[in-house]
Amino acid sequence: MTAAVTDTAGKPGSKGFSIRAIMREAGIGLALIGLIIVFSLASEHFLTANNITNILTQITINLILAVGMTFVILIGGIDLSVGSVLALAAVVAGKAISMPGLGPAEAIALAVLAAMVAGTLCGILNGVVSAWWGLPSFIITLGMLNIARGAALQISDARTIYSFPVEFNNFGSLTVWGLPVVFLVALGLALVAWLVLSRTVFGRLIYGLGNSEEAVRLAGHSVFWLKVAAFTICGFTAGIAAIIYMARLNIASPIAGSGFELNAIAAVIIGGTSLSGGRGSVLGTLLGAFIIGVLANGLILLGLSDFMRQMITGVVIIVAVILDHYRAKLTKG
Amino acid sequence: MDSSAVKIAPQSPVENASSQVSSLLVVKDIRKSFGGVKALRGVTFDLRPGEVHALVGENGAGKSTLIKILSGSFPADSGEIRLENAAYAPAGPRDAKAKGLQVVHQEFNLLPHLSVAENISFEALPRNRFGFLDKTRMNARARQALDAIGLSDVDVKSPVKDLGIAHRQLVEIARALQSESRILILDEPTATLTDRETERLFDIVRSIQAKGVAVVFVSHHLNEVFEICDRVTVLRSGETIITEDIADTSPDRVVAHMVGRRLAAEMAQKVDHDHIGDSALRLDCLQVPQSPHSDGVSFDLHYGEILGIAGLVGAGRTEILRTIFGLQKPVSGQMLREGAVTEITGPDKAISAGIGFVTEDRKDEGLILDMSIAANSSLAALDQVSSNGFLLGGRERNLAEELGAGLNLKCGTVKDAASSLSGGNQQKVVLAKWLARQPKVLLLDEPTRGVDVGAKAEIYAILREQAAKGVALLVVSSELPELITLCDRILVLADHKIQGELHHTEFSEEKILRLAYRREEEGTEE
Amino acid sequence: MKFTKFVTAAAVSLMMAAGGASADEKKPVVGLVMKSLANEFFKDMLEGAKEHEAKRGDYVLKAVGMKNESDIESQINAVENFITQGVDAIVIAPADSRAMVPPLKRAMEAGITVINFDVSLDPKAKEQNGVELAFVGPDNRGGAKLAGEALAAKLGKGAKVVILEGNPGADNALQRKLGFEDAIKEGGLELLDSRTAHWETEEANTVATNMLTAHPDIQGIMAANDSMAIGVVKALESAGKAGEIQVVGFDNIPAVGPMLKDGRLLATVDQFGRDMAANAIDQALEVVKGAPEPQGWVKTPIELVTGN
């Protein structure tokens, strides 16, 4: 209902950003800058090239998951299964990569493919089941959370899979001009998602679906396939995140990723995307992921206790949503 | 003209209203802005005990804002409100109610899954001495409240969702009336009612008026205003234009005050009925799922024709449109498009068969309110404004601007959100969405609901123009004057059966109503 | 009192045998209650117990695992189900050292032999509930101390270290942290920071990276399990400090084998999880057969594992 909404949702076709769109993201951006300033003053280590590289690496997985989650939340859904799907995709890829008789390049290619396929299939399943029967995605993906986790444990026999080709591991810690390659992958993914959401017919309909499912249906568009597509994208990103996870840690653990879904949802919501759908942007999600990552990093540098850290993170999530509420009101009319 | 009106109605000059002892409520020069938008720019009026006072004005004139201030949703920025000579500034809706001011809103505030009785008592559920809900007392209280307004045919135990829209409206009124109220504000109470139900409502209004309650009646229907009200206050662009006695004015004058220009002539524009062509759509014994009749309904819709469907709420009018558009599957029968049997299994099929559908529910089904006018206009024609799946912003804007210009759409830019528009302009955007596809057949369900007088005339003109271009239009409406003005032919529906067909030469409200009530009168004696 | 308990137990098993169906039921039934089977450690333990059952062949094993480490609810339910089924012995690795005391007391009152292994029940809670129960299990604190000592020996006095803890509130996490702290005190090390990474590799990777930034002079890292140690090793590799900073872990999971071999991981501790449940079952069966109940803490073997 806000004018700001129009900027992100209604006029994606227009070239560049309008002032209001910038204003909208500016709130989150300012919060991020505020955090950065506080941490820079409080810790000499914070604003160093090394630490910046670290932060970028650390937010990568959450950013990838959050980009996929943005699609699902924009249509008014939720995907609680991404953490477990990540584990399943990692284990499947881990099995693939350790298949005997493969050269390193083949093994890596197979693993990447396996993780993407596993993630995508889980996403399709989430989408088809919830859209076909019109069931709340909260419940369906909660089911998938357990199915994928169980499958990951079953396939791996609850054991961590390790010993991947050296090349794969190298990719995990590769940097270009100080920027981690894995982060660049995430950034590229975010850019593509932003293009899709703001410049394509599909993106327009995703926003439309979150605002008014009936209006989209009556205009002759298939609501079913749109929903399936959103969940499929989310599953696909979980698969990509699994690959990054493996490359970074050089293991595939069936218990990987527990709780990742909540971090991804938090990034999306802090980024100003409405939980009821139809409103938000990938740019916001990017900033949201940064806020979570910077907070986690900075609070450790400050030497705050684990429990204080947890509390502060909780407070920041709530404050971000309250701020968003006011921003929505301010830009009204 | 305004000054003469004041002279004609000397007992209600707004200037010295506050000094009148007889006034129950006095509103003086209140103003309200939201952000940069001035919603109220000086509203003044007074309310006397036992009067029915109409509040009229086009959408956006400030009626809703005024009501929200009176009912305590938010305070005015400046100005004075006095209730029985004491300053009145409700802290919130609850406080307003405690002070005796009740509002029956346009949008229902009923809880659909709770019973009628629970809804009526919801604000003060009776408890027995153990603190449990006292159902007997609750039901008795509800019964009494419903009987008081003559709703003896409603079971207080049935859930609200099982009631028709009209009955929900009346339950809402019953709820408002059960507490001691001195002022009752009815916000568009007849928008969803049929004429018979409206009459019933008016009886209720007259009876509470007799008890000394002041009723504020907000309506777009001037005939109702002239039937039930004692005085009328006209708002335009957030300002009071005039307060007049009904006895001293005329509908034309009120409309003139509302729109600031004369529209009556435009409304009654002569219609040319000689442009009717071949059959565009034919229903052959099409039985909708809700219909009990296996022979369904059959009729022909021709190119260039505006065919109206009249009937009471629940007669099955909307269901026919939804079935044609593929939103529900017919039980039996078939549909012929240009003489060829066509099976339409979904909106996409309907659209590719050249059919468009302007639904009754503009806010949830017709528009994506948060999106821009341009995005809404192109929603059904995205292929025209994209290439390889990528949107072409410029082309989309051009399309929206072109369509908007053709429909005389009043908006800032096509980038503004559809929610920023008045009801009439929103409806034009819905029309634009379908006209973008250049439909051959256009289905319209209540095309002017919640639209003000000025925009109504414009929408009529648009529809006539489409018919003249050869489009076949099928219009469902609860407003008989609308169908009579607009249509070449009217089908009257009752209980999912066509009771009769009227040619434009034989149109009259009386004839339509007689057909609409036919079955009901056959079945029951009243 | 102990005698009465035994008689009751015998009576219950007799009744069961009398009302029971087949001859096979004469074999004592042992209910094994474990923690999360999603954890390799317990998974191994379960397999060890199954092998043990097959090898001995004179008892019936009924094993139950939990969804996750802190699923106290399911453990209580499992114990109650075993009471209802009238098993002869319950062998349990408690998810919570306090919450599990009352249900186990009920089991003992029903004449079931209870053996507590892996994590010790809280002595205070036992006292409050009037329960006397021995603990068969490894010395987590002692084990962590072994690892810590290995690190201290390698780094020398005054070296700066940090700890990665397990789940806050988990008893073994606490014991291991205490063990590390014991080694730090005795070895004269300096503790810069101590934080949880919830037993998880990815989180340990992040936390360790950030600790390295906050304290660039870290010389050694103690991780309360090997999953976290793996994350730490990867963090060091990314920071280009592999080999410079020494890491120790705990549990000796297969994945750390290569790291031990090439020195990226200095040492870990093996508590022979595979045998742990089997040992506890042996204890239980002896008590069921009439041997006196074990007293106090029956320590199971632990061993420091290094690359060489």
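Going by the order they are written in, the chains are A, B and C; count residues from 1 in each one.
The definition used in the following text is that a residue touches a chain if its C-beta (ideal position, glycine included) is under 8 Å from a C-beta of that chain, and two chains touch if they have at least 3 such contacts.
Remember, predicted model here, so these are calculated numbers, not experimental data.
S.K.: My parser should flag the chain pair with the most contacts; which pair should that be?
M.R.: Highest contact count among chain pairs: A-B.
S.K.: Which chain would you call central, comparing Cα centres to the global Cα centre?
M.R.: Chain nearest the overall C-alpha centroid, as shown: A.
S.K.: On a C-alpha centroid basis, what's the spacing between chain A and chain C, in Å?
M.R.: Computed from C-alpha means, the inter-chain centre distance equals 35 Å.
S.K.: Could you tell me the distance, in whole angstrom, between the mean C-alpha positions of chain B and chain C?
M.R.: 70
S.K.: Please compute the C-alpha centroid of chain A, do the same for chain B, then give the distance between them in whole Å.
M.R.: 44
S.K.: Sort out for me which residues of chain A touch chain C in the complex.
M.R.: Contacts found on chain A: 43, 45-46, 48, 50-51, 54, 57-58, 61, 149, 153, 157-160, 162-163, 172-173, 245, 248-251, 253-258, 296-297, 300-301, 303, 306-307.
S.K.: Which stretch or stretches of chain C touch chain A in the complex?
M.R.: 37-40, 43, 168, 193, 195-196, 200-202, 205-207, 209-211, 213-214, 216, 227, 230-231, 234, 237-239, 253-255, 258
S.K.: Under the definition above, what is the set of chain B residues touching chain A in their complex?
M.R.: Result: residues 34-37, 325, 327, 346-348, 350-352, 357, 359, 361, 364-372, 374-375, 379-380, 382-383, 385-386, 389-394, 396-397, 415-417, 419-420, 433 of chain B touch chain A.
S.K.: Considering the complex alone, what residue numbers of chain A touch chain B?
M.R.: Those in contact with chain B are residues 1-3, 5-6, 9-15, 18, 199-205, 207-208, 211-212, 214-222, 278-279, 330, 332-333.
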